[in-house]
Structures are given as structure tokens and as C-alpha cells.
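Taking it in order: structure first as C-alpha cells, then the write-up.
Going by the order they are written in, the chains are A, B and C; count residues from 1 in each one.
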């Protein structure tokens, strides 16, 4: 079985700064994988590289959306919208919702990539287009229900409480029908109760939707409880990988985190 | 959503109704007048080119006040309706429709050629005679498209011809630079000048170029004139650009002859250009300042407005006199009799005794060449 | 009642105004008699007026900051209740339709004519609204497409005798084509940079028209552009004006219909998303390039359409009608009316185009009055007259069902 995402020897430079150096990792079907590391380790850069916002200097990114399919597809250097179309959706560390649109509309934007109506069809509003529109609304509402924020459907996105905004980002990403969901610090700024709820949501997404998840997170308790596998980055290099238990006891990882006054049991 | 659409509709409706009322009340008061003869005065009364339009308005006011003091024409009072077109074609269309919806019998205007072209079609449809003191585009009369159009100013090509003939035959220059301000008026004139020079086969056009109106620095084009060794410059355009170009030429100690048009033959030009203006040639309407009617018109203007009249004042004065004369002679404001009267009846005006040819140009109105001498425009004797 | 500090403030304001207006309103040089009139009375009037107006100004500002919430809710609830009544709704629509149809027969040809102008600007405004209001691409060269439409009719008619109704779709298509042409080089630009480039584009088109004599007849323009014919019958000027008015009414209905449909469609949502956040938009799988080009093309098509009507209405066009000022007016009417809102744009166009015409009575002061009205508007209601509101979807749990 192929991994759904296989990154090999990915490097990224900003001027002379090596932001990422020969990073390799792979994620298999239905895994929840976490990417951790101190601030400035290159986690978000890594996300930006594999979602097409940056073009990596070297390396390959393979995806195979169907595990039984033998051939892999290299998506390195493609545009972000094409990568999303191929089935990788992401959220942002600093929430990037469409602030002045309603919650439902935000999710409907996610459906854009799976629907087809063009300008002329939209103007004429043929039966096909009408049905598609109706389906977009239905599907989007169902996704809102799944993420538990359907009560806000007609509110403006900017008026949502913080936790709900994070969830809306996830809902919007889910609407693009991904096989791999990339979450950039989904629990940042949440209170403990909200964090637990988020953990349950992520697990549910994996179980019900068969979606693999790669997430960046600083909340170690959250990561250790949730993830099957952890990759650790420091100064643009992968310094460790393995199960949560292995990582917790890895001396290299502890050393990398020492400067930050870190406690894995926090 | 129903509610939202509804409330928007209501708001929309209220605004619409508000406009409706305004329109109603502004138009209600118009329907009463029918007795007097209504003369529409259209032209630029505000904006950049107002100085070309306001003299016409004043000329009309002076004449009409005088006539009305003596029980008008054919015992009908004359009413004046002034409308501003800012010299823009699209506004001129509105102005024209406004005038005809207010029932004007004749129109004096418009001032600019472009605006006149746009408005003429409308007047033509409702058979209203239009007489312009300043629209000089040749096509207005020569194309034959507008039988309702007359003017008391000679068209551009006459002026361009005079400039070219003067340069070639009297000044005996061989190399001429033709410049223009890219405007309708200036460029049209320059094109004619260029063609006349080519046809003459005596002189040649060494430079043909447009300058950007309103710019501060014209040294690039001045340099080109110098490099091409032009003996004379013919400039089509208005005085703001002309004064800057001549100043910059004289600063570079170039003695190139500068010939321009009636857009430049304005005292403002001398005021702005100062000493550099000395020796500049400009064509202008034939000087008729000894004409008793012209003297009276100018002194009336000074008495009422406290200053010298502006551009096209005498042309406008003549236009108003001509049209009133036509109305008086034909005893009506009917289109056919009016055009007939304009073409057959002579009228004494500040520009001399006039009538109009079949195309609508005034016979006997022409241009003379002037030169700046000691800070004033002086008519050149050896004119053609 | 008034605090001392406020009175001092107002005195300062009035002193400042007296100083500012001193050269224009107090000193008058009589050039004929070469004397100077000192009109001290004007100065006193200005002082008193600005003293009281400054109180009013501050009061209004305060009202805007504190009191507006309360008042608004009261007023709008009354408003809603009245509007909720379906009888009122249908009757008002019928009334509007009657007004629209009756307009040219009740009012003079002049009123009809300027109403046609205003309607033309409605179409222009709605077109630019797609680009600026929906997709958030600040386009300062919009008038270029208007010129393309106008010249395409004028030139095609001049050379090939193409009629008005044939020119309408051609103008729209050419407009769209030029929209795409402009779209390509500016795809990567945003905000200020985009504005500058589009501004340049608008000027380029105008300069080409001005200087390429063989093609466009230069600054002397094209005259005698025929008005639309009515099944080959020759119409008088009154009938043509009415005819143009109804053509324009139909075009406005078409525009409102299309723009309304687009706004609530997949493409329309993509435009709004693009305006909100480009990066997130791309991450959601929206093709930035395509979406932007769509916006430029559809927006420009309406300008092309309006251009054809403009050429037919004016019967004479020259490049001087397509200056930057025109773009600025179209943009301002959108901003004034309410960016992104169809009804806002319509209201804005009516105010912007009709008000200066009706203010002709004030002749010399009309632009002053108009400018002051604009400033007040932007101070007290910066979001525009009618604010864009998001669509409300009503969904029952049994499945999505949206209601209008």
C-alpha cells in the first residue's frame, strides 16, 4: 500500500537561509500525523511547500489518493488550487476566513472546486445549475452539522467566537473533499474544553470520512493523545520521528525543546 | 430574502418618487410661456472654457435688453434661455434637448465644434436654426449634413490657408514646423496647414507634432524645432500652450517665426508671454473696430459689465443681430422662412454687412493677420 | 448648555474660515475702474455662519457616534413592518413599473434624455461593481472599455454600416476581449499597483484614439452616428429619445438580472472570496487567474454595451469624452451608493448623474453644492447609501432549502 503522501528530500531556501533541508516523511491512509518543533523550526514553511504556496528548491512530493493505485503522482511545484483539487486541503495558523461572508457561504466556497457551473450557466440558471446550487447548500450545511457549528450558518464569519472560527476553517477545508487534511495549529487559542472537543472532531473525521490528517500543534498533551505518528523538526531539519511514546523519550527531541522550558506532560 | 428585496425596493421607490417630484416641479413652471420669442444660448458657461462662452451670453443679453426696451421684435418680447454645455459633446446633447423641451425658437451656439456637432442632430430633427459665433470646424457647413446651421466665424481651413499663404508668400519661409495641442480645434487646424503646405510645393513641413496641453515644460519640442532648423512654426491651439512654447523658444535665443491662430490672438497671450510675445503673428477675425456697430457693442459691454469684452464677443453680437434680423424680416420663427431670410437678407453687424451662403458660412467674414508690436496685436497691412 | 471649550472651538473655526475666504469673498478688484472694493459684510456673514455650522457639525458627529444605534433599530423596525405587508410590496412594484413606463410620456424630452444618461451610468456602475465591488480589483481605467464600445459602434457603422442592434453584442464582446487583454498583465498585481496599471491602461486607450488618426479620426471624433432604427421607420427626435429610453430601461433590467444571478452563483461567490482573501481563496481550490479574468471580462462587457448606447445617444464621439474623470465618476457613484450592492449602485448613479443636472438652477454653485454633499455623505455614512448585506439561506434539517 502506498502512502497517501510521500515527501522525499524536500528543501527550501529563503535567500541564504535554509528553511527546510532534506525533509522526508510519509503518511498512510487513515493516520493522524503530527509535525512538531520549536518556533521557527520550519513547520508552516513545510505546509506552504506541500500545498503549493511556495515552490520547493528541490525534492519531490508524491500523492496517491487511492491506496490501491500503484502509481504515485508528483505534485511538487503545482499551483495551490490544483493541489486542493487533487485532494489536499489545509487550514491556516492565523485564521484566514472570508470575514464578510456568512459561515455557510464560507463552506460553499469550499465546494467550488467540486462543482462546475460557469458564467453563462449561472446567468441562465438551467435546471442542472439549480440542482447543483441546491446541492452545494445541502452539502455545505451537512458539513457544518458535522463540525457542530450549524447554528451559526447565517452569521457573518467575523462575528464567530474564536473556537468556532477554527472549526469553520476545518469545515471549509472538508468541503473540498480532501483525502488528506492539513491543519496548522488547530488548537491554538482554544480553552481546554474546546481542545478536547476538537480532538474528538478530528478523530471522527478520520473514522467517518476516511481522511488522513497531518497537523502542526504546540499543545503536546493534545498531540500525544491524538496522533499515531510524530515528526519533529528543528532548524529546518527532521530530527526525529516515531510514535508518541518514542518521541517523548527521545533525548534529541528533549534537547531541542530544553531551551523553551518544556514539559511533555503539560 | 423576500423582506430584504422588498425593503430595498421600497427605498428604491422612495428615491425614485423623490426624483419624480423634483422633475415634476421643475418642469411644471415651463409650460406657461408661449408668447415671447425664446432664444437659446448654449455654450460653456462654467469650467475651463467658460471664457469662450460667456461673451456670447453677454452679447445676447445686451442686444435683447435693448430690443425688449423697445417692445421687442414684431411686438413680441424676446426671452433668453442660457444653458451650459461645458464644451462636452455628451453634455451638449442634454443641453440641446433641454432647450428644445423648453420651446426655444432659435439657438445661438454652441461654442465648441465637438459640442456643436453632437447637438446639431437634435436641432435638425426639430427644425431649429442654430447660429454659432465660434464653432470653426469646416465639416459643420461643408459636409452639407446640417442645413439648419449657420455661423458668423470663418471655418478653420480659411484660417490655416491664411497662415500658410502668409508664411510662404510674404515671409518667404521654406521650412515650417507645424505643432498642435492635440485638441479638436488645434489639431484640425494643424492638419489643414500641413496639407496646404504640401500642396504649395514651395515649402516643406519639417516637423509635425502634438504637444500635451497643460504641460509645464515644452523644451523637448522646442529642441526638435531647433534641430530641424525650422524657419517658422505654425501652431494650432490656444494661448496657454502657445505662450509657454514661445517663451521657451525665446529663452533659447531662437528667432524662429511663430505663427498661430485666433485661439492665441488674445490679450492674455501677451500678458503671459510678455516680451517673448513680440513679433508673434496670429490670425484673428478681421479687425472691424472702426465699425460703428462694433464700437457701440464694445462700449455697451464696458458700461454694463465694467470690462472689455472677451473672445468671440463681436461674432456673437453679429450672430444674435443676424438671427433677430431674420426673424424680423420673415415675420416668423418658421424654419424655412428663417433660413431663407438668413441667406437673402443683408444685415449690418459689427463684422460688416453680412448674409450667409448656401452652406451656412457668413459671406464677408474672414481673417486678418496680426502681429504683436509693443505689447498689442496690430493688423498687418500687406495682408492677402 | 454649551461648554466654554466648545464656544472657543467654534470661534476658532469661524476665524479660520474668515481668514480662508478673505481673498475671494472680501477683496474684489474692479479692473475697469482700477479700485479695490472691501466687502467686510461678507466676512461677518461667513464668521457667523461658520460659528453656528460648526456647532451643528459637532452635534451631528456626536449623533453619529452615540445615538445612531437606537434610532436606527426603531426606524428600521417600522420600516420592516410596513414592507412586510405583501399588498404594499406588490402595489409598490406595480407603481414603479407604471412610473418607469409613463416617464417619457409625462415628462419632457430633456428629462427623458438625462434619465437615459443616468440609466447608462447605472449599467456602467453595475459593470464596474463586478470588478471593484465583488472581485475587489480596483480598476481606475474602466472608461477605456466604455470607449471601446463607443468606438466599435461608431467605426463599424462608419465603415460597414453595422446597425445599432448588431453593434450591441459586438461592443459587449469587444469590451470583454479588452477586459481580458488588460487582465493578463495585471493578474499578479493588487491594490495600489493594480490601480496605477489600470489607470495607465485607460490613458493608453484614450491616447491611441487621440493620435491614431487613420483609425479613429483623432480628436475631431466621429460625427453622424445614427440612432437605433425602429423597424426601418424614421423617428422624430422625440420618438427616438423615448425609444432610447426604453432600450436603456431594458438594458438596465438585463444588467440587474444578470448581475443579480451572478452574485448568487458559484462564480460570484468566488469573486467575493477573492476580494476577501486571495491566499485562502487559492487554498480552497479557486483558480485565481481564471476568476480574475472572468471578473475583468464580464465587467468590461457591460461598459462596451453602455459605450454603444453612448455613441448612438450622443451621435458624436471624440476621445475627450473618455478621460480619467469619467472613470472616477463611475467609481465614485459605486462608493457613494454602496459598494457591492445592486440597489446601492442604482441609487448612486441616479444621485450622481441627476443631481448635477437638477442643480443647474444654482449654476455657478452647483459643483460646490455637489462636492459638499459628497463630503458630508462620506463623513456620515462612509459605507454608502445602501449597504451590501449577505444573503440569508433558510435551511430546514430535512435538507437544504433556500428561500428568497
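FYI, contacts are C-beta pairs under 8 Å (C-beta built on N, C-alpha and C of every residue); 3 or more make two chains touch, one makes a residue touch a chain.
Computed from a predicted model, the values in this text were never measured in an experiment.
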{"item": "Chain contact graph, described as a line, ring, star, complete graph or other shape", "value": "line"}
{"item": "Chains linked by the largest number of contacting C-beta pairs", "value": "B-C"}
{"item": "Most central chain, judged by mean C-alpha position against the global CA mean", "value": "C"}
{"item": "Farthest chain relative to subunit B (centres taken as mean CA coordinates)", "value": "A"}
{"item": "Subunit A-subunit B separation of Cα centroids, rounded to whole Å", "value": "71"}
{"item": "Subunit A and subunit C, separation of their C-alpha mean positions in angstrom", "value": "43"}
{"item": "Centroid distance [mean C-alpha coordinates] between subunit C and subunit B, Å", "value": "32"}
{"item": "Per-residue multi-chain contacts in subunit A, two or more chains", "value": "none"}
{"item": "Where subunit C touches two or more other chains at once, by residue number", "value": "391-392"}
{"item": "Subunit C - residues contacting subunit A, complex", "value": "258, 261-262, 265-270, 272-273, 276-277, 279-288, 294, 298, 390-393, 395, 399-402"}
{"item": "Parts of subunit C lying in touch with subunit B, wherever the complex brings them together", "value": "30-33, 79-80, 82-84, 88-89, 92-93, 95-96, 99, 107-114, 117, 210-211, 218-221, 223-224, 236-238, 240-241, 310, 313-318, 320-321, 343, 346-347, 350-351, 354, 357-358, 360-361, 363-364, 367, 386, 389, 391-392, 403-404"}
{"item": "In the complex with subunit C, residue positions of subunit B that touch it", "value": "1-13, 15-17, 19-20, 22-24, 26-27, 30, 45-46, 83-84, 88-90, 93-94, 97-98, 100-102, 113-114, 117-118, 121-122, 125-126, 137, 139, 145, 182-184, 187-188, 210, 302, 306-307"}
{"item": "Subunit C partner contacts - residues on subunit A that touch it in the complex", "value": "51, 53, 79-81, 84-85, 89-90, 92, 96-102, 104-105, 108-110, 112-113, 115, 117-119, 122-123, 125, 129, 132-134, 136-141, 153-154, 156, 172-173, 176"}
